[in-house]
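These are the structures in question, set out in turn.
Look for subunit A in each of the two complexes below; its partner is subunit B in the first and subunit C in the second.
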Partner chain A sequence: MLPAQAPSVYTGAANVIAVLILLAEFGMFRQALLRDQVRLYAGQSVLIAVLAVLVAAVRHLPELYVLAAVTVALKAVAIPLVLRRLLRGTAPGHPLDVSHDIAGSGGLGLASTVLIGIAVAAFGFFSATVLPVSGGGAPVTALSVSLSVVLVAFVLMIHRRDVASQAIGLFSLENGISLAALVVAASLPLILEVALLFDLLLAVVVFGLLIRLHHGRAETLSTTDLTDLRG
Partner chain B sequence: MLPIPVIQVLQVLTIIGAGPGVSGVIARVEARLQGRRGPRVLQPYYDLAKLFRKEALAPAGASWVFLAAPVAAFTCYLTVPLLIPVLTTFPLPLGYMGDILGGGFILSLAGFLVAVAALETGSPYAQLGASRAKTFAAITEPVVLFVVFTVALLTATDLPYALAATVRSSAGQIIRPAHVLAAAALFMVILYETGRIPVETHSGTNEFGMIEEARSFEHSGPYFALLKWGSAAKQLILYTILLNVFVAPWGLAATRQPWAVVLAMAALPAKACVLGGVVAVIDNSFAKLRLFKITEFAAAAFLLAVLGVFTLYLGGG
Partner chain C sequence: MNAVVIVLLVLPLAAGVAAIWLPSGAAGAVTAATGVASFGLVLALIPAVSHRDTGVLGFVRVDALSVVFLLATSFLYACVAVYSIGYLRTAGRHGHGDQRYARHFWAGLNVFAWSMLMAPAMSNLALLWIAIEVTTIISALLVALEGTDGAAEAAWKYVLLASAGLAIALLGTIFLYYAGSHVLGQTYNLAFGPLLGAAAKLPHTVVRLAFVLAVLGYGTKVGLFPVHTWLPDAHSEAPTPVSALLSGSLLAVSFYAILRFYQIAAAALGSGFPRDVLLVFGVASLLLAALYLLDQQDYKRLLAYSSVEHMGILAIGVSFGAPVALAGVLLHVLAHAAAKGNAFMGAGVLVRKFGTKQMLSVTGGLDLLPWSGPLFLAAILALSAMPPFGIFRSEFEIVTGGLAASHDTAAVILVVLVTVAFLGLSVAANRMLLTPRPEPDAVRGEPSVWMVVPVVAGLVALVVLGLHPPGELVGLLDRAVTALRGPA
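For the complex of A and B:
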């Protein structure tokens, strides 16, 4: 067996950032506090921006700098702010009441969910290798990582029982797609990328409404009660 | 030019000589971070000297295993430094006795012997510590295995010298995700193995949370000194593996010149103290995990190690 070839520094760095994005996704998995989940989401978005800057610098794609700036402004600053305000709004009149701050846990223990996450991430990894993609911007390994991010975000949304975590799962899923876009089509017209970002903004508004509405009706962020049919 | 056998002996002497000192530096830094003055850096040496002068007692009913285990475990800790790059970049002849896995086996043999001695005592705390240590060791074992797989995929061998040379060879080798992930996973395992904060309080007297520390409760005198010295040496061995193989394989002697070897002997404790400082900061910034949360810590380390192997299989790691 031959030793695995070393990638170039650029490829290695891009892949490390991609893996860090995946790890942030796993971090959201493990976090029990919604506040920390939002923080991790902001961190993940910053990592996307860093990757965009890296790709822009190495591949000479200046419009990616703009994308990075918009990403930071929107996903690392605006959306976390909005989410935090929404979450604050759901604690009824008690600024110190932290019971609403705790994300509803899923049905499984943490260690087993991480193992499921690993299995799903592995599926994403190896299914991406059969895709006939030759990278435009970032290295192709980052594409398989992005597939894993999307799949793990799905698992996050499925196993968490509260609206806020599910919203964060959806937003971080979009981060996975941004990562894939950076890999496959780094030189995608900026207007399309920005349109995607504003799509996300729309999702935030919709989810904000949903969180408010759900909390107003059920006095909780948990979605477990939604399974009871009422005549 | 130093003869090779001398360098091999110096490897062992560096580890057992500097081990307690590194522990002392960590204790000092930790105390400083907490606003205390802290013990002298040389305090562990004074402790050992004191313990060696003391009388040794054994619980009634304990067999010869109880007294033999500390000596045998210490011998294990004397053996491992021969297998890993402690002072030199070039492999020394005895380095081919065993690979990373072999070194790991010898370290676990030492842990097993200490656990058996703890079971000999009949003391509930020592037995509890031994049983916990073995339980959690079984959970961290897969992490170590996956780290070894990563090393094997990176270098096509699993000799620690080969990985150190690979890491030194280019910047691309350092930044590749597989290497970063494996090093991070190994660091988490080392936090567990040296009984540091997310897993265990190192210097407390809280028996309920104890894992490794509780095992030596019944030992006394020179035997206890050997156990303490052994755990300090084990800590430095693990730090050496992380530093000289994974993270910072620089400052090693490339030739057999005496000054180069002496420089390497000074560089290793210095690097270990820097790493110890990081560990002390972690010690002070996190709370101890509840006992049943340790599986989650191990799961996180396992995640890192598995991702490392995955990225390698994709060809981009």
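For the complex of A and C:
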């Protein structure tokens, strides 16, 4: 496990960024407007890119600079743009725009949800410590935090009963996985990483189309009426 | 043989792109021709892979195991493509026989088939993940195609659950990459061959974690309990030709991904742990599906739960581990594709004839449909593992393998639950097909001959698989079993 000495600047910085990404995930619990939700996702993605630059500089992996640039271009610029365009005005009489209020869609009160979020985050954090992941100066804490991000994203998707938050919860779940990948698989070939990102973009377009379809038919973003199919 | 692989992986995509511009009739003809050609190309691959694996450009790698899944997918692609010509022609009065719907349908069908042919041909686990993610998002659009409330709901649940599941599988893939980097160096491309070669030296805890995450993640797409919940919705609300592809091919292709992780995990950890994991998921899925089959109102949902049942059987078969059980599993993949394809295509005829998916509104199917009625009955019997159909042989092999490997309890559970499932399926089929029609003036006849021919082809395949599988196929399955069992 960790050597009994003060962490290096690199480890410390990586862990701080990881914790900021986790905080952004918690921030999504309280965002009331779709626009702010998308912005927070973009900000979280920028943090991923910053971490990629940091890893690139310290571990001498120049490919990660490219990955950071592609991450910013796709996750912080293209995906928010695509989402806003696709969500602009669908059903007449029920205009859907990016200032759509999605705060009331939570299944539980905010405080209870945050408590559950903290509980699963702690679970993710401590469960990662049993993994024999060490060596190579890998910031082990960042890996633990990435598992917390993944689990908290699941809580967000379960808690929010509207299609937009569920989609953004899924995309931020992917951010948590990107964080884990930067810690344990930083040297994954660039071509695969970029393919994964374009795949994500494709998924975002399809999610956007399906959100439009849902909003067009139900005239709401809420999923509480999606109960026809059961059994 | 490389040219064959390249054509196989380019042709369906080209057909999908062409279908965007072509009028509906031409797009249908192109799709049918492409489907049949793809099946022919895969058949041509069989002799090649029985000697050595075929690789192209580093990112494509086709071995015997891949070809088994390519065979299932391309066969169903060919059948469904021909069937869809009739399906769209008879769509007129349901209001979606228009050009726009047809264009989306044909383009989506081809691209969907393309993505499912890509997945088993990928040489590395990251590309495999990407291909399976592409199958998800294309098929989600196809599920939503009908544009009804039910279709919108099913598509949303499907894309969200399947993507979340695949995210878990991606996490598993990344942990496996990390495990491999201890042996293969910091930079390698997750290629399957080298990873399997180095498996014995991989750190156990990480591989164990990666395997469980992969089973849970890809298992979401396979339809394993408890992450199967999208499956009945998507299968019942999608256009019926798409349901056939979802059930017969997509689930199997996702299972292929689990098999690849199984190979690595078994080589790294010994087969005990991965088999236990698959046994738990398999028995739970089979139990759930068998019970749900007893009480369904919607016959497309009935067939969907039957898919969960058969995927559970596949998982149990792999967990038995004996060679005869593994051969049974691979034969089961092929036979299930043909049988479930036939059943859904028959269900599509019933939808066209009776205009409803509710079982209670369908009576006298055998009288009113001179061809499709008996064919649907045969498909249901085949799904229930009656001889002389292929599923009888494959399940027989799986149970034999279970007894041979002294998994007596699991083998008995398997037989009991399959019998419960048979009860559910046969009661439903009996009600729909054999109950006399109350009003005697209903018109007897088939909606379209295009919707009968591919089902006959599927029936022939089922009988051939059941009575006497051709020697080349047996050789292919043997080679795939050898690969699955590993060097030990």
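Rule of thumb we're sticking to: the second predicted complex is superposed on the first by the 204 of 231 C-alpha atoms of A that agree within 3 Å, B and C clash if a C-alpha of one lies under 4 Å from a C-alpha of the other, contacts with A are read in each partner's own complex, and residues count from 1 in each chain.
Basically, a residue touches a chain if its C-beta (ideal position, glycine included) is under 8 Å from a C-beta of that chain, and two chains touch if they have at least 3 such contacts.
Predicted, not measured: the structure shown is a model, and the values here were computed from it.
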Superposed partners subunit B and subunit C on subunit A - clash or fit: fit
Touched partner set for A:223, first subunit B, second subunit C, both or neither: second
First (subunit B), second (subunit C), both or neither touched by A:157: second
Touched partner set for A:140, first subunit B, second subunit C, both or neither: first
First, second, both or neither for A:19, with subunit B first and subunit C second: first
Minimal inter-chain CA distance - subunit C and subunit B, angstrom: 18
On subunit A, the residue positions that both subunit B and subunit C contact, one per complex: none
Residues on subunit A engaged by subunit B in the complex (per definition of touch): 1-4, 6-9, 11-13, 15-16, 18-19, 22-23, 26, 30, 110-111, 114-115, 117-118, 121-122, 125-126, 128-129, 139-142, 144-145
Subunit C-facing residues of subunit A, complex: 130-133, 150, 154, 157, 163, 166-167, 170, 173-174, 177, 180-181, 184-185, 187-189, 192, 195-196, 199, 202-203, 206-207, 209-210, 213-214, 217-218, 223, 226, 228-229, 231
Contact set on subunit B toward subunit A in their complex: 153-156, 166, 169-178, 180-181, 295-296, 298-300, 302-304, 306-307, 310-317
Contacting residues of subunit C [partner subunit A, same complex]: 124, 126-127, 129-130, 133-134, 137, 140-141, 144, 147, 149-150, 152-157, 159-160, 163-164, 167, 170-171, 174-175, 177-178, 181, 186-187, 189-190, 203, 205-206, 209, 232-233, 236-237, 292, 295-297, 301
